[in-house]
Amino acid sequence: MENDPLSLDEIVRRVNAKAADYCALSDRIWAMPELAFEEHRSAAEHIAMLEREGFRITSNIGGIATAFVAEYGKGGPIIGILGEYDALADLAQVSGVTEHMPTAKGAPGHGCGHNLLGSGSALAAVALKDALANEGIAGTVRYYGCPAEEAGGGKTFMARAGVFDDLDAAFCWHPAVLNEVLTKSANAAIGARFRFKGRASHAAASPHLGRSALDAVELMNIGVNYMREHMPSDARVHYAITNTGGDAPNVVQAFAESIYSVRSPHLPNAERLFARVKKIAEAATMMTDTSMTVQIIGGCSNVLPNKALQDVMYENMRRLGPPAFDEADLAFAEEIREAALTEDDVLASVAPDNISLKDVFLHDGLLAMPAHEGCDMGSTDVGDVSWIVPTAQCQTACFAIGTPFHTWQLVTQGNLPAAHKGMVLAAKAMATTAADCLRNPEIITRAKAELKQRTGGLAYRCPIPMEVAPEDLRTKAV
Amino acid sequence: MENDPLSLDEIVRRVNAKAADYCALSDRIWAMPELAFEEHRSAAEHIAMLEREGFRITSNIGGIATAFVAEYGKGGPIIGILGEYDALADLAQVSGVTEHMPTAKGAPGHGCGHNLLGSGSALAAVALKDALANEGIAGTVRYYGCPAEEAGGGKTFMARAGVFDDLDAAFCWHPAVLNEVLTKSANAAIGARFRFKGRASHAAASPHLGRSALDAVELMNIGVNYMREHMPSDARVHYAITNTGGDAPNVVQAFAESIYSVRSPHLPNAERLFARVKKIAEAATMMTDTSMTVQIIGGCSNVLPNKALQDVMYENMRRLGPPAFDEADLAFAEEIREAALTEDDVLASVAPDNISLKDVFLHDGLLAMPAHEGCDMGSTDVGDVSWIVPTAQCQTACFAIGTPFHTWQLVTQGNLPAAHKGMVLAAKAMATTAADCLRNPEIITRAKAELKQRTGGLAYRCPIPMEVAPEDLRTKAV
Amino acid sequence: MENDPLSLDEIVRRVNAKAADYCALSDRIWAMPELAFEEHRSAAEHIAMLEREGFRITSNIGGIATAFVAEYGKGGPIIGILGEYDALADLAQVSGVTEHMPTAKGAPGHGCGHNLLGSGSALAAVALKDALANEGIAGTVRYYGCPAEEAGGGKTFMARAGVFDDLDAAFCWHPAVLNEVLTKSANAAIGARFRFKGRASHAAASPHLGRSALDAVELMNIGVNYMREHMPSDARVHYAITNTGGDAPNVVQAFAESIYSVRSPHLPNAERLFARVKKIAEAATMMTDTSMTVQIIGGCSNVLPNKALQDVMYENMRRLGPPAFDEADLAFAEEIREAALTEDDVLASVAPDNISLKDVFLHDGLLAMPAHEGCDMGSTDVGDVSWIVPTAQCQTACFAIGTPFHTWQLVTQGNLPAAHKGMVLAAKAMATTAADCLRNPEIITRAKAELKQRTGGLAYRCPIPMEVAPEDLRTKAV
Amino acid sequence: MENDPLSLDEIVRRVNAKAADYCALSDRIWAMPELAFEEHRSAAEHIAMLEREGFRITSNIGGIATAFVAEYGKGGPIIGILGEYDALADLAQVSGVTEHMPTAKGAPGHGCGHNLLGSGSALAAVALKDALANEGIAGTVRYYGCPAEEAGGGKTFMARAGVFDDLDAAFCWHPAVLNEVLTKSANAAIGARFRFKGRASHAAASPHLGRSALDAVELMNIGVNYMREHMPSDARVHYAITNTGGDAPNVVQAFAESIYSVRSPHLPNAERLFARVKKIAEAATMMTDTSMTVQIIGGCSNVLPNKALQDVMYENMRRLGPPAFDEADLAFAEEIREAALTEDDVLASVAPDNISLKDVFLHDGLLAMPAHEGCDMGSTDVGDVSWIVPTAQCQTACFAIGTPFHTWQLVTQGNLPAAHKGMVLAAKAMATTAADCLRNPEIITRAKAELKQRTGGLAYRCPIPMEVAPEDLRTKAV
């Protein structure tokens, strides 16, 4: 197909053409870190860029002020590219240094690289749009501005609002330390807050008049620990105590609170398990003569991988090759590893499967597709999208091998040239794969058939009940 | 009052006249030990003796075949004297020896001296009857044949049936190692059996399919242990696990069972506490996805002491003096202490208050009435009688100091001369005090006023629900 | 004894002479509330007053900057009068109103009336000094400036430093809602902080690599709750969880902390029980593969009441009569009860024994001495003084009946005329009783004999180990 | 290879020649069921048969009177064939009926088909011996008489004694409902008995003097249930409470006991986990002031499958075909399913992988080799043999599909013609595969290389410590 505007070479050309603009966007977002649900300026920056490119904007999706959809084109296959832009608390950090240098006490920072994530996805969407626009090709491209990933579920609310329903394929990526197509599933998750109320009393003088909410929290935990033997091995239940009812031992604790996360490779199993956990909480109130309320504070579906899309994306990444890191990139990566990363960090980065990479400072290859899919025990709100539309994800090397997530070490690398290079590669991987879907609808057909097979024909059902508002997640993630 | 047929001297004379017959009855009962609810021959022996004395017999009281009332006289004050005759499992023992010599493997024995208790009370009733009969004095004397004390509640069922309702005063005693009027209260108690049902599964291959009834038992216990901080200090809750669901660790336990006793100085408090325990049991089923049934297996009211009667009884015991133990009695007491009782046994017998008695082999004095009433943490079904009618109790020295209850050491002394002497003293103490009530109705008036004050005007309410039959107690005492 | 300078009338005269000055001191302290160990200005105010009166000051007692002793006189019996002046967090409140009106957010306030306590005791000491000084009577009077009562143990450290060792009698009081001589014992107590350290891990991805410090805290609590059945009924153990290891359920908690208080009517029992608690904590680390450190953060001895002194104090209080509350005092008491006190508050104030007082607004009588001593389940560092020297305490009506301690309702009444009246009465009760001891050494002899009998001849042993510094108590009270 | 004496056809011929004798042996063993470690007559019957065939007998292996080795031949590859012959308690049952008909109350029965297992293996060994003997072929064949499989470890003790050390290949089988080569691993396991000792006391009167051994058992369980979150998902820990310290709630339990099984796919992991469990038990004694002893009561290594041998065995089974069940066999299978097997039994028999077999009464095919190995969560003492020598196992259809192990339904089929047919097939599968090893040493070389790779070069280490004697396992299996 000569001069095919959707060919890899053409898409690469278009990405390269606008790469500098979107690297600049990423750097601006890096410099204005905003917490989950508070990404007003970050969303506005994205919207401004995309409007300028001719995208139509729909804001305030699913009741979230900082969620938006930017759309271009019409008819044909509809491609979604997902972006994020929320930061993390207490991670403000000077750029490009190898020691911990907060820019402000307690201020947020982009500890998960979502500045790159949002901008790289935008770059992919724009390049794809440019290809469509140039030739008048049918098809629609959408950029999804997805807030509050770190609060456990921006996309879940967006999914609940139906904005992914008419998509034909969706793409996402994450800045990381390795180049690879993501093939694993991830657990479905439900998060809830349990608030117990008892009756205070002096613990020495009249303990028999007190009813301890803290006892209820403890008995709930005990009940759950007994349940562990009798739940599937692949499920996970974990908790934190978020209010102990005070620091004074001489007062029977009248109030106490805990947060639970329940995970399973299958949402219905997670829901069943959560129902058991809730029943245990009720039982704990009966044991202690206290009362309780439950509040769902998050939820996401398990990820349904899509091999049809992954195979195409892998082939594209193979052809694109790794980011072209230069001496300076490598030098800084080596420096930060020496100064601020541990051997354990490095081993955690590469895992046993890729142990040979432990002596590499920046990943300059592409991981092979694994024989088995596997399941990450963690959870992501991309899961909800993946239940609605065939979805593929990759990650690219933006940071020195060994850089842990949610650390100043990651923040300090977030606007360096190496990060830009990883981001641009991700944009190319997504845009070329999306282009392949547009010019070869058979891929979408196969991907949809696979999705249907994986869902067993079950329609997507949002794990967050309608009565839970995005507000409710602000306080705590799953 | 000259030649007063109800005077102490006259009553003593009458008791002495028939003492040998009733010591012989006691020895026969000793030799035919029958377990709780099975005392058919023992009851028959008592009935035969009392019928011969002219008592009218009503059998099968409160649904218990071995409970009976023997009555003599008419009108006037009605005096009740309570007897027991049940034995204990696995305590068959040769008489009069100082080592463990079972007469038959596993056979029962009179480890609590109820052979003496039943016969001594009968002797008191008969002596009292003789006094009434001789002079045509108005008044009624009743002997209550109370079975199954060791199963936790013959008298409770009899009380439920109303057979104590028209009494004016009741007397009881217990063979023991010391001579004293009993002044303490004793706890109200409720006993129940909790049966949990889960679902078996192979504990290695499919533990997630199992629902452990043993987990439920454990979680109930945990819940109760958490409750301890928040219940009155003077209450007691204790348990035994009576079925663990099998000895195989590789099977999730589908069945398990525990027994709980709940005690408090006040029955309503015991009931409230029991309701909390029951709720904890229900909660344990919710935590484990199991089910449960509760069965009440016993209950008795707290003892309401009656100082008005105690004072009279104390004065009589003071005048009667201790049993006249002879050299042979003392020699055997010394021998058995040397051979078969420990220093701890002796200290437990005499308690700190009477520590000077620790060097005595058979008690030859009378304990003074204590300044404060106190409360025994244990329980007795005499409690139920004491809520209905003013009740006084004493104990007398029948066994060597240091002899523990429910042991072969007690059994072996149960038909010796010393035991007979203690029994005869008890008969005199009860009969003379009852006689005082008959000739001085003012005592009864005072005693009833005191009872009313102690109940706070509350009517007796049986702690065992109507739907629980005596049968249900056979399996286990509180 | 005519014109006896130590007679009740003379002492009363001398207290009245300086009452206004010390009410003013109390009001100044009320207006400068300082937390435990931080009472620098409050201590300075007291010192200034007492220096002006001719007392010799020794500061910085037992390593506490705000602890001091003020002494006057020489030889003869040495009388100690104990004062306190620390405030409580978050109780700043406008005076004389019937609604909650904080003067500053989070600021401290005198929620326990220690402004009155310190000033009233100083008034007693000064009046006593005046009596001695005037006539050149032999004898020494000391005012003890005792900080940090609310942090659980200023006096304990002072006792450890030996400053009470040569006293012949000690007096103390507490502002309250009733007039009475305090006769009850109070529990000995030990407080400790348990810090657990585990290993963090992702709770979904690698829980098997984590070792939960929070599990250790919970298992320690469970172990203690199981121990409850097997410890004396009159002991108390209670706890607070002061660090849960974070609010994120998806991280295995690497750190957690709890605080325990252990109490018993007898210090050795409290110590034995604390040793069991500590062993349970160690066991919890073994169960969870974590480690732990224990830090003692407080301790005080049980109170040994002294009937010899109480009887004298009671006779003086009887002669002194209640505070002379006027219409305005009563009107405000009625007003605040209506507006801000509940029926439960009132019942808690008067307890079943004095139920008739529930309809009174300000106590205008004197409670009779109870027949039995009893034991308060709470604890006070006066206990340590009471082990060293015969000690008597009273409380006087300073606040409306129903006013709970540690509330804004108490703060708002802390500088009103009624409070002043109660304080002056307490000063008189202490000073007259101390004067009786000076003129009648036989009282001291009897009091010391009683103390000796109560200690069983055991010397005072400080419950806080030498290696624990006052600093260590700042963080948390027992 | 013409007239190859080790060819499948020749081996089949030799098995058929003696099949009747060994079916008769099996029937005799079926009729004399003996419990683990008590198989004196059963072992003697096997020994007699094998001695008659010319085998050399070594008895009393590893300290077990009923363990023996029977050997024939010399030099060359040494082939081991493993037999078992212990029965199970309380399963005596009339043969060939479809209802529960015990032949004697409480008597043992062959509920696991070990009568067939021992005789079938003997038949294989004898056929192989006949082939060697006939032609003077080099090589040694051994029959291992392995007792006490049901008590959890006869072979483990034999392995500890070194009797498998010089083998070149080992074969085993199990009578079952399906024909298949066994390919799964099975967990390593350690079993132990924990005995706790406390101090009795009256639970109402003096609970504070008691130290509850039952509390220790419960707290150990709680500790383990907390550990579950922090152990590998593929490990298993389960327990039974085997002594609760008595049925009387009013006595603090002075003695209690539990049994734990710890399993893991890797023995060192099981050992590490067991060490944690043991530490938790010690911690439970510290929490309760009790003491404890641990007794190892069983242990076995995980099974190391050997694909090299399995492939050969599968090929032979494919060629041998299924047992030739006739109408009568099928009729009885149908009958017993109707009368005495449930739908759940059938589903448990065939598992989801072979669901189509649920409508079959007797398995007349051969299951395909699965793609993945998998791991049975249960355990077997064949694991220990498999660590020392390449080992292959099959199972054959001897019973109606749906027949559960350890039931009278299995016993009643244990000497029927269908069972004989399955047994003879197993003998052929083992003997032909062993013959292949003898004539093609390359198989052994490959099998040994695989074993070495699977052990990672680690030498076999017996999971049962030297100080544990076979005696110690009599009481309870893992």
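So that you can tell them apart, the chains are marked A, B, C and D in the order they are listed, and the count of residues begins at 1 in each.
Everything below uses one rule, namely that a residue touches a chain if its C-beta (ideal position, glycine included) is under 8 Å from a C-beta of that chain, and two chains touch if they have at least 3 such contacts.
Being a predicted model, the structure only gives us computed values, none of them experimental.
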Please identify each chain that touches chain A as well as chain C.
B, D
With a step meaning a move to a chain it touches, how many steps does the shortest path from chain C to chain D take?
1
Superposition rotation for chain A onto chain B, Cα-based, multiple of 5°
180
Comparing B-D with B-C, the one with more C-beta contacts is B-D
Furthest chain, CA centroid comparison against chain A
B
For chain A and chain B, what's the span in angstrom between their mean Cα positions?
71
So how far apart, in whole Å, are chain B and chain C when each is placed at the average of its C-alpha atoms?
48
So what's the Cα centroid distance for chain B and chain D, whole Å?
55
Multi-chain contact residues (two or more partners), chain C:
203, 207, 218, 222, 226, 229, 233, 238, 252
The chain D residues in contact with chain A across the complex are 222, 225-226, 228-229, 233-234, 237-238
Would you mind writing out the residues of chain B in touch with chain D in their complex?
187, 191, 202-207, 214, 218, 221-222, 236, 238-242, 244-253, 259-261, 263, 376-379, 476-478
Where on chain D does chain C make contact in their complex?
203, 207-212, 215, 218-219, 222-223, 226-227, 229-233, 252, 276, 279-280, 282-284, 286-289
